Amino acid sequence: MEQTKKSYFQKIILIIVGIALFLLPFAITNPYIMYIINLILIYALLALGLDLIVGYTGQVSVGHGAFFGIGAYTAAIVAKKVGLSFWLTLPFSIVITAAIGFIIGFIGLKLIEEYLVMATLAFGTIIWLVFLNWTDLTGGPMGIAGIPAPPTIKLGGFEFPFLQYHDYYPLLLIFVYLGILITRLLIRSGFGRACTAIRDDELAAQAMGIPVFKTKVTMFTISATFCGAAGALYAHFLHVVSPETFTFSMSVTILTMVMIGGQGSIAGAIIGASILTISSEALRETPELRMLIYGFLIVIMIMFFPKGIMGLIQIIKRRFLQKNILIEKSSVEKEGLGYE
Amino acid sequence: MRLSKKLPIKKISLFIILAVLLVGCSATKSTSGGGSSSSKEGRTINIGLQAPMTGDNAQYGQDMRNGVELAIKKINSEGGINGKQLKLMVGDDKATPSEAVAVVNKMIMNDGVKGIIGGYNSSPTLAAQDVSGPAKVLHLNMGASPDLSKTGNKYLFRVILTGSVYVPAVLKYMAEEKKVKKIAALFENTDYGITMYDAAKESAKDLGVEFVTTEKYNPGDKNFSAQLSKIKTLNPDAIMVVGLYNEVALIEQQAKQAGLKVQFFSPDDSMYSQQLITLGGDAVENHIFASMIDLNAGTEEMKEFKKIAEENKIPAQANTAIAYDAAMVLAKALEEGKGDPEKSRESLANIDYKGITGPIRFDENGDRSNSPMIMQVQKGAFVVIKESE
Amino acid sequence: MSSEKGYDTAILTVERLSKAFGGVKAVNDLSFSVTQNAIHAIIGPNGAGKSTLFNLITGVIAPNEGKIKLFNHDITSLRPDKIAQYGVSRTFQNIRLFPDMTVFETVLIGTYLLTGGKLLPALFRSNEFRKRERQAKDRIKEILQFVGLWDMRNEYAAKLSYGNQRRVEIARALATNPRLLLLDEPTAGMNQKETKELMQLFSQVNQQGITILIIAHDMHLVNTLSNQITVINFGEKLVEGPPEVIQNHPAVVEAYMGRAEANA
Amino acid sequence: MFFDQLINGIVLGSIYALMAIGYTMVWNVLRFINFAHGEVYMGGAFVSLYLLLLDTPIWLAYLGGVLAGALLGYLMEKAVYMRMRNAPKLNLLIAAIGISIFLQNLAQYIWGATPERLTSPFLYKNIQIGDMMINQHYIFIIILTILVMMVLELFMNRTIMGKAVQAASQNISATQLMGINANKVISVTFAIGSAVGALAGILVGPVFLVYPTMGIFAGLKGFTASVMGGMGNIPGAMVAGLLLGIIESFAAGFISSGYRDAVAMVILLFILLVRPQGIFGKIIQQKV
């Protein structure tokens, strides 16, 4: 209803930037940088997924690394043992993570917040131990190597093979866009609003007729599915999966991305994923100090920017745009009068 | 509503910031990378070490790093190779495949390394060689898995012996000299443990030895009482333990505490560390393993190695020596290749180098084929009880 | 819900309701009914069990004994969201708003029953979905103008004055399109002017055909606004009747009025 | 075998119980899970080790480790958690995880990754009971655990500060009524919980070695035990710790050692679902 020309303008810019980002590989020659960007995209998808349940629904999970792992392993197993290509392993991963996500959500979301944290922690640890010990299926500690790249995409006369990191970028970017799109569509619907209401005040939400448990479980399932899709992409991108990738610390990393970027914000999830991936790569120069600095940064960030970077930006913007808001308000008032 | 409508602007601006940041990063990286790529003509050659520097395996990574650093110091003090100094880039693979891929990616694509030493563990190495192979970067690993012989990667070499060499040697000794019939296996649930156990099962058939039980433990476990109690009831002649030395020391400690008195042995020289004795005390006395190196050997190479280790205040461990050798042959191959990866590979494949770990030659799979000696812990020292054949 | 017809008198019936916490009986064997289009007040001293009664009716807690019927449906022990679907909406004694939402967004939550929470229509933005969203927004505009908050729709609800926060809560409750509105001490902590304005608002709501069940302390409000009063004390019904009767009832004067006056 | 596993279980259980106390006490006052508690366990053990390297008498080294653990817990609270009193619980959780990563890697930076053995006066002696051998250090662990629990019980019920800590579990501002500053109560809680956790690390040092990542699984188990016992219930945590140790030991011995850690997690999930107030949840309510 306040769809002004300005917001259309914003949309157009957004679309242009979105398309322009596809051209990024032409600007980057160093494959290592490309590799990092690809990793960021995978992490962004994970962070978006976790943000759905943590940021938008207010339910904390420290087990989403396990969903990531389930997605990756499902893709790896289906690809290696059945011999299906990426386009078929992906739906497999999605369906399986959705099913397990539903079950875990159904069990865990009956609990109060603090206990949900514990339950997801337990779940994540169990899944990791299963990866490690079910050697026949998962390859045990060796993991599964040699997962094939997605098949070459043929579009008319053009062929897009997946040979180097530059080739994966558009595919991953499309999935991140898809994630952003789904998030936006969900958030701006009755369902998404129900989730935010639950986050803010469960009792009041319920009094408005929102089926709290059902909504939470649905969102948890969707959130797990995001991670499952990210897992399938990861498996086919890195060609190898192994249990240590999907330990508790992966769950924590994703959660930290969401927290540092700012909960309940699409941009926040992407910023969080970028910052953590880049800082983790940049600190590679000093392997002994890397995790030390990383831990320290997390503490500092969470102490001083409790709402993450998006929260910080919000504050700055509010300061700067005070004037702007006043002007807009008066125009809004006019519009209101006109309506009458 | 208005606020959420604002989101796009945020996103755009942040995406731009992000992009700038990334480009900025790539710019700074490529200047450093450029430094190294210009090092083709410049004064340094980068060498990478892919090894666990943090986590449970960090001690091995540290030993390897010591060895490689010693070698590089020696080479550089003698004028480098082809007039260029060597520079070490250390990458922490955390003993995991995904991290290994990440660090090797960085080393090759960003730091422009010409050769990589590592990793210590098999599965990270297997994953990482997928990156180093196509990039034609020499990769000298210390993994145990036979799969490393089957990659078809011509640039992958292994500076230690494979499990299929160590295991039969030690098992043969146990069966023939110690008259062992019933063996209990206790191994860590990693590719290393499984590989060694599989090799042992294979050669046990020919030797008439029987595995009465196989117990596993997860990496990082420090409590083996459950497994040991189980083994105790089966009363085996010997126990084959496959694991990291500190865990082996613990296992034997805990066995002693549980009153389990039995001969312990393990397949390879990853046991060969003073730490085993420090941690295990008299519980590890009589422990038997196969080794490709004897640090008390009187060879010229060994003396020299020990001398520079002492000068640099670095403990002379087996892994340090092996990594030292690896760095030496890598340097030699790079020197002969003169910047051409094909030629360097050629040179490494045909190398015949007298190292502290014995003669270094590689077969068509990039494996060494020395025969190991058998060692035992006696009175707190490592003693050769059977020379290599 | 066609069963409405034939029950034009009682829309909510509470039968022998009991609820105990630990050993304390908060509501004890309570029965009363609310007639359609009434403004029915529940009064009683602090701790008389009024809020517990509301929580029982809206399903936040389940009773130990007794029945609650709404339009002849048994809603005893149903989940709060189910009960809301039957057309019951409420405000809370301590205002419960969503801390991070603007007025508009807050009231938008109230339209959940209209827009629904279905996923596929949301993902594909079906025509039906768009239509409902539009309807919801139009409805909010109507409600916000009705309660006089349209100009503040983009303010954060939590930053408004106390009186306006209450209005937001009422607007949110109205957005669910209720037939029975439960107001839990809506005028507590308000000044005279605000109270008066709210009372006006309530009668306007009532005129739209919404039955109101209200908990109140303010006797003046109760007497002028409501047409039926139930007095409870220690979880039990003391007396019931139109304001004129209650005002002069000796038991009420003793149990409640005396104290209220002493407080005042 | 049965007897062996039982002894192992009791020893493990004692350690879990000691760890669980720290989680439970912090939960009591702040209602959050101090994920960095495992690092106190590690830190205490490392300080003891360091003191021993300096030729400190063994008892003094142990005591020093315990005090260092208490100090570490106290500093954690003062430096981070205290400044986050009004932050959401999730932020506290992330901060705790950050501290945990930081301390683990700090320990590795200072002392290196190589596991080291703490000495114990008893480690190399066994006691013969029938045909069973029991290590004296195991008995030392069990006795010390019982002792610590008794002292803690006395402290909780006989001292004003102990009562304040208990009262804080109901309502942190209630301590104010007792004339004790709430922040002080929280600090004391952290210090005591951490001292006990550090003691667990020191006791384990001679058996399972001391290394930077030693706190991860011990923390997870201690935390599981505290949930089993009912969050905030100190006697419950003690009993549940023992129980967990014994169950785990038997599961490892008779089912599969690979899934030993999964056993604890399955128990955790099961407890949360069936009895989220913990096995001994009732006890709290009676105490109130």
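A, B, C and D label the chains in the order they appear, each numbered from 1.
In the analysis below, a contact is a pair of C-beta atoms (placed from the backbone, for glycine too) under 8 Å apart; a residue touches a chain by one contact, two chains touch by 3 or more.
Bear in mind the structure is a predicted one, so any value in this text is a computation, not a measurement.
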Subunit B omitted: connectivity of the other chains: one piece
Result of counting contacting C-beta pairs for B-D and A-D, higher pair: A-D
Closest chain to global C-alpha mean, per-chain Cα centroids: A
Mean-CA-position distance for subunit C and subunit B (Å): 72
For subunit A paired with subunit B, centre-to-centre distance based on mean C-alpha positions, whole Å: 36
Per-residue overlap in subunit B, given as positions that touch at least 2 other chains: 1-2, 54, 189, 218
Subunit C residues counted as touching two or more neighbouring chains: 105, 154
Numbers and ranges of subunit A residues touching at least 2 other chains: 1, 129, 132-133, 288, 290-291, 332
Complex interface listing, subunit B residues touching subunit D: 54-56, 58-59, 62, 189, 215-218, 220-223, 225-227, 229-230, 232-233, 246, 250, 253-254, 257-259, 275, 278-279, 281
Complex contacts: residues of subunit A adjacent to subunit D: 54, 60, 62, 107, 110-115, 117-119, 121-123, 125-126, 129-130, 132-133, 252, 255-256, 259, 288-292, 294-299, 302-303, 306
Residues of subunit D touching subunit A in the complex: 31-33, 80, 83-84, 87-91, 93-95, 97-106, 108-109, 220, 223-224, 227, 231, 256, 258-259, 261-262, 265-266, 268-269, 272-273, 276
For the subunit D and subunit B complex, residues of the former touching the latter: 1, 4-5, 8, 12, 105, 108, 112-117, 123-124, 126, 132-133, 135, 137-138, 207-209, 211, 213-214, 217, 249, 252-253, 257-258, 260-261
In the complex with subunit B, residue positions of subunit A that touch it: 1-3, 7, 10-11, 13-14, 17, 21, 24, 27-33, 35, 37, 39, 129, 132-133, 135, 140-143, 145, 188, 238-242, 244-245, 265-267, 270-271, 274, 278, 281-282, 284, 287-288, 290-291, 310, 313, 317, 328, 332
